[in-house]
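Presented sequentially are two complexes of chain A, the first with chain B as partner and the second with chain C.
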Partner chain A sequence: MDPMESIKQTYFVECDELLADLESGLLALESDEGDSDTINAVFRAVHSVKGGAGAFGFEALVEFAHVFESTLDAMRSGTLAVDNDNVKIMLRAADVLADLVQAAKDGSSVDPARTQTLADELSALITPQDGAPVTGDDGEPAADSWGFTPLKLDIDEPAAPSRWILTVTPTPAAYAKGHDPAILLREVARLGDVECWLDASALPDLNALDPEGSYLRWTVFIDSAVEETAIRDVFDFVGEDCPITLDREAPADQPLEDIAPPPAADFDVAALISLAQAQSGSDPAMPSDEPAAAPKAADHEESGGGREPSKQAAAGATIRVDLERVDRLIDLVGELVINQAMIAQRVVESELGRSSSVAIGLDELEQLTREIQDSVMAIRAQPVKSVFQRMPRLVREVAGMTNKSVRLVTEGEGTEVDKTVIERLSDPITHMLRNAIDHGVETPDERVAAGKPAEGVVRLSASHRSGRIVIEVADDGKGINRPRVREIAINKGVISPDANLTDDEIDNLIFAPGFSTASTVSNISGRGVGMDVVKRSIQALGGRISIASVPGRGSTFTMSLPLTLAVLDGMVVTVGDQTLVSPLTAIVETLRPKPTDIRLLGPKGAVLAVRGAHVPLIDIGVALGWRDEPIPPANGVILLVESEVGGRAALVVDQIQGQRQVVIKSLEQNFQHVDGVAAATILGDGRVALILDVDAVIAARSRDRFEPQPLAQAS
Partner chain B sequence: MQLEANLDLRAASQLHTHLMAARGAELALDGSQVERMGGLCLQVLLAAQAAWSAEGHAFSIHTPSEPLLDALRTLGASSLVNVEATS
Partner chain C sequence: MSKCVLAIDDSLTIRELVCFVLGNAGYDVQLAEDGVEGLERLSQCKPDLIITDVNMPRLDGLGFIEKARTQDAGKAVPILVLTTESDAEKKARARAAGATGWIVKPFNPTQLLETVRRILP
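Take a look at the complex of A and B:
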């Protein structure tokens, strides 16, 4: 890859993180959880997005980010109130910023009118207060509407000993990225009393001047009481674009070039220690309010402050690794697991005995392989936050389009799941949220009439439950209109008019193909995508979805997904001459049926009595087309399985071989989709075994059950 | 000549062009509309001030806005307007 292009890619990856920080910061401010640090973080996020955009010449992005940043700056300096209305505008601005980043990334276009509207709204927030001096909340005297603090410029004032001397030498890149010294120096001025000296000696003649060059440098004397870290923090995210030096002031008679810790008796001891530590670059146990100060100072001593080291010191060291490399590693570990299983099989075949040294060594190898596999999977595990954080925007937009007032509450954002799963979570969650707002939550008027608060609440949560990730989308809306669902299902021939269905079964009808209960096909949910598509995409991930609804109180969609798509705990069974794997999660229990428990229904059908209930018997050999006649169930073994749609079923197989963790090999990628088969795997003996798609098998069986009906009526 | 409201990084090049075109004669800049000013425009203005003074022409920024004065104070460049501003 062209080096510029790869830097650009890194920038976009960073942008994703920055935009996420931006949004979560703004949301924290919206819910009154933010403080000045949050505002700073939000400002920094926009500033960093702008910085990179400037470097790559994304004009539109820089322009908008600049306006956004100015407004945030006003908020940061206390001249713009952090109230709900202002934050709402900022949230929408964050959406536009995200769009602009996306546009810069893939070359798509952004509605310039929308960008302009928001830019104007942002500017409007800070312009009307022009000129009127105000006092900030923190009692800072007379910070004016632009956040400037008047500076003392009295040269004759005797300098207090051991003030800080800061030199600022911006490079052209600093300007290009929007790190204007005017902003930086204003930040510094905010810290305490400062004296700012401009050095324009390098300024060329007007003719020779490059308007985008950098010729000025500044020396700032800062009050000794200001923390070193506070000063460095200002330049923290500017990095090498704007090198600084920071030292304690020398006694007045000593030339500036020769700065050394003054030996004066009244010298600030803490400052002396911190300087010594900064120079030695060690010992984090610095007597300072911030324990991170010393290593940070050491990091920055030479470079003049880079953004990465300090951030990483706080967040724990991380590296970026190309996803392809991780995927390759996971693939290899998968092969290792298969290979290990093959050796195990050979050892069993060679009849060496369980206690032989080879078998014991192999057991250890197996444990080790498991551990490696878990560790490697952990590399790819990511918190679902990356998906959840896109949702507040969606909720805002959908709520806006449907004229509903909706608040999104998210829980369990830190829940980790494999990256391959995460990528495919976005669509189903998006659709479930749309559905919840469009069909679930009522309009504010309806809600008030029903005695509920005008603002609806949609809760999006994630949690780990028995080795799976469970994602819930719950609304406090009107719940499912069961009579209507039933009526439509009958009209569309999904169920027969005399079908006797439980409430749960009616609720689950909305997952039936082509089902939509909205009386008018709305812009939001009526895009030809029904809940059946959501369901199918979740099933494709080895997941299940279900719904629980209380009329007038709301509905809860629950989907449960495997944590990874790479391995699966399965039950290895024999059907005819084939070996199959059934996902362990689907199996409720296994049993050998007594002939008396089996009741025949019609020519082919049969049910099994299990603990007082009857469940349909499905012969897997027949279902997958390996044999024409089912084996007598009493001769086989029953896998009692549960699916979210068709309830329980008893799958008849010939024999159970055992439980095993198998590595999933996609059938779609290597061959094509096969009904009733979820994927394939390679067994210890090197043979390919198919992984059963339990839900699909049961669904196919339910279809068979309904299909003969029209025939029966016709005859 | 009126100074633009927004003298940030994108304004520097244009300001430079405008000032180059105005050379050789006395120049009075109206600073009343300035809402913000960054380091790049300051460079141009400082260089212009030097150029005008070298040629013996008057160069002034009159009626500076409060934001302009503040920016100049922050950047330690109050001398750019001090002399003529108060007159």
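Take a look at the complex of A and C:
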């Protein structure tokens, strides 16, 4: 990649972080939790966005960030109050800034009127204090590193061109601040023709010389065409540390000695500069108007290789690696796991015995393989912060559109999960948050009437739980209206009128296809898709979603996802002549049923009595179309599994082979999606086995139960 | 030996940019994220030129300059202040702190290189 392009990518990544800091800082200020550090951090965020934007020529972004920054600066210095109204404007400005960054990133356009409106609002905040509107940069070229504020001087332009006479008398303070007369004189030389004289008369004997003292002064004759301000600008930043005098040369008949001290020796410019540099302690260098570049360039070429280590050291504790390389590594580790499993299988087959040195060595290898796998997976792991930080804005917008007052609280932002999972978390979380605000949280009036604070709280949290990441969206709203949900479900034919459902089952009906509780589809949570779409996208990631609700107290969406999409702990089972893998996370227990525990329901259905409860029996062979008739359940093994939609189910398989970690190989790249099959894997003996999609199998069965007719509208 | 430039900026973008532009031009570029890290690097790498941002967490640019000027490695090194701010009062404060020069952000890479080349040809 073009290096500048790659830095630009860094810039955008950094912008995302800065914008998140900006937003969280402003939110803290809004809720009165901020202090001067917060204001500083907010200021720095905008400042850095602007700083980078200029380097890439994002003019609109620079312009807006500049206005924003000026306003924040006023807040930082205390001339602008940190009150709610001001912070609210800044929050909206932060949104515009984010849009401008996005526009710079993907070339999309931002409504200039909206940008201008906010820029005006921001400017208006500080105009009364300053008495002048905020303007852009003062337009001085940044190339002039020696200051850019032109001094206001009355210039009497003499009729006849006569040269400038400049005297330069550095003080020790100038050297102490890193000023180098050679550089200053070289700058002057860039302005036009110069003649430079050194006065070294004050230079003492070597043994009396103070290395940090200043003994030299220069007199420079400069071409008359040069502007006085240009000369003075060179010394602008040095200021009083290096006093100068600047005059027009006297008429030619006046002796030089009268205006400038006699030069101690007849040095040429190069020699003068070398001497100056020798005094200031730096390496000798050539004046700029001589071909100094050549030897220096060679020097740089030679040292090119030697520079690498220091550059790497400078990069610090992180390196940037192409994602493809990481994925390749993960693939290879996957192969390694398979290979290791194959060897293990061979060892078992060769009847070497579990205590043989080969088997023991293999155990150690397995341990190591697993550690390598975990470490490699950790490379792809990222904190969910990147997704969470996009949410406050969404909450603000949805709350604004629905006229509700909502505060978002996030927890566990540092929880790490695979990059692929992170990328696909955004949509479901967005949808759940929209739903929580639109359907869960009441309007401020309703809340007050119900004895709750007017402001609703939506909590978004992430945590690790038994090898999965669990994301919860909890609101303190009105909870699910179960009678209404039930009524709608019956009206829409999702359940039959006489279905006997538990509260949990009713709550989870909102995930049923085609279900939406909003009487009119609002454009906030509706958008034509229901929670069923959310559920499906989560299932596609090997995840589960459920809702728990307490009427009047609020609802909690719980979504759990595997930490990685690359490996899976599975139970390897035999069904007919096929080998199948069931995700271990779905399995509650395995058992061999007694014939007396099995109750037949009608011609096809059967249930299994498990400790007093009845769960439907599903023959996997039949469900996947491998056989027409179910085997007698008592002859097989039961996998008692749990899913969100249909509760528990008892899956009948022929026998269990063992428990194993398998590497997931997607089928959909080469084949199409098959209902009931999540993916495939390669087993230790090299055979390919399908991975069972437990939820899909149960869902298919539940649909049969809830709805007598085939579910035509099901995806 | 190539000349060493120490760049201190809390923005990764600026650090990468400076590293790319000056590194390509043959300078040995050392980077630091804030003033505290800048001081650590200063004693390690003895730079020929320092470019520092003003607004940084922990120790800001002016604080860094003041402290650097008390150290041997930072005594006579040119220190350029890279900043988005441009008013005279702030410039005076930077000068008082011991800054040698001033680069106004947003800067463009060519200008940065040109400025550095003038000081470290």
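Here is the rule we go by: the second predicted complex is superposed on the first by the 515 of 715 C-alpha atoms of A that agree within 3 Å, B and C clash if a C-alpha of one lies under 4 Å from a C-alpha of the other, contacts with A are read in each partner's own complex, and residues count from 1 in each chain.
In this section, a residue touches a chain if its C-beta (ideal position, glycine included) is under 8 Å from a C-beta of that chain, and two chains touch if they have at least 3 such contacts.
If you're wondering where the values come from, they're calculated on a predicted model, not measured in any experiment.
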{"item": "Partner chain(s) touched by A:204 [first = chain B, second = chain C, both, neither]", "value": "first"}
{"item": "First (chain B), second (chain C), both or neither touched by A:40", "value": "second"}
{"item": "Which superposed partner A:175 touches (first chain B, second chain C, both, neither)", "value": "both"}
{"item": "Touched partner set for A:113, first chain B, second chain C, both or neither", "value": "neither"}
{"item": "Residue contacts with chain A in the superposition, chain B compared against chain C", "value": "C"}
{"item": "Chain B versus chain C as contact partner of A:11, first or second or both or neither", "value": "second"}
{"item": "Partner chain(s) touched by A:52 [first = chain B, second = chain C, both, neither]", "value": "second"}
{"item": "Chain B versus chain C as contact partner of A:69, first or second or both or neither", "value": "second"}
{"item": "Partner chain in contact with A:215 - chain B first, chain C second, else both or neither", "value": "first"}
{"item": "First, second, both or neither for A:237, with chain B first and chain C second", "value": "second"}
{"item": "Overlap of the chain B and chain C footprints on chain A, listed as residue numbers", "value": "66, 145-146, 148, 175-176, 178, 180, 183, 186"}
{"item": "Contact set on chain B toward chain A in their complex", "value": "8-10, 12-13, 15-16, 19-20, 23, 35-40, 42-44, 46-48, 50-51, 66-67, 70-71, 73-78"}
{"item": "Interfacial residue positions of chain C with respect to chain A in the complex", "value": "1-2, 4, 9-14, 16-17, 19-20, 23-31, 33, 45, 48, 53, 55-57, 69, 75-80, 84-86, 88, 91, 95, 98-109, 111, 114-115, 118-119, 121"}
{"item": "List of chain A residues in touch with chain C within their complex", "value": "3-4, 7, 10-11, 14, 40-41, 43-44, 47-48, 50-55, 57, 62, 66, 69, 73, 137-138, 140-143, 145-149, 175-180, 183, 186-187, 237, 239, 241, 280-282, 285-286, 288, 292-293, 296-297, 299-301, 303-304, 306-307, 310-311, 313-316"}
{"item": "List of chain A residues in touch with chain B within their complex", "value": "63, 66, 70, 127, 130-131, 144-146, 148, 150-151, 153, 170, 175-176, 178, 180-183, 185-186, 189, 196-198, 200, 203-207, 209, 211-216, 218, 220"}
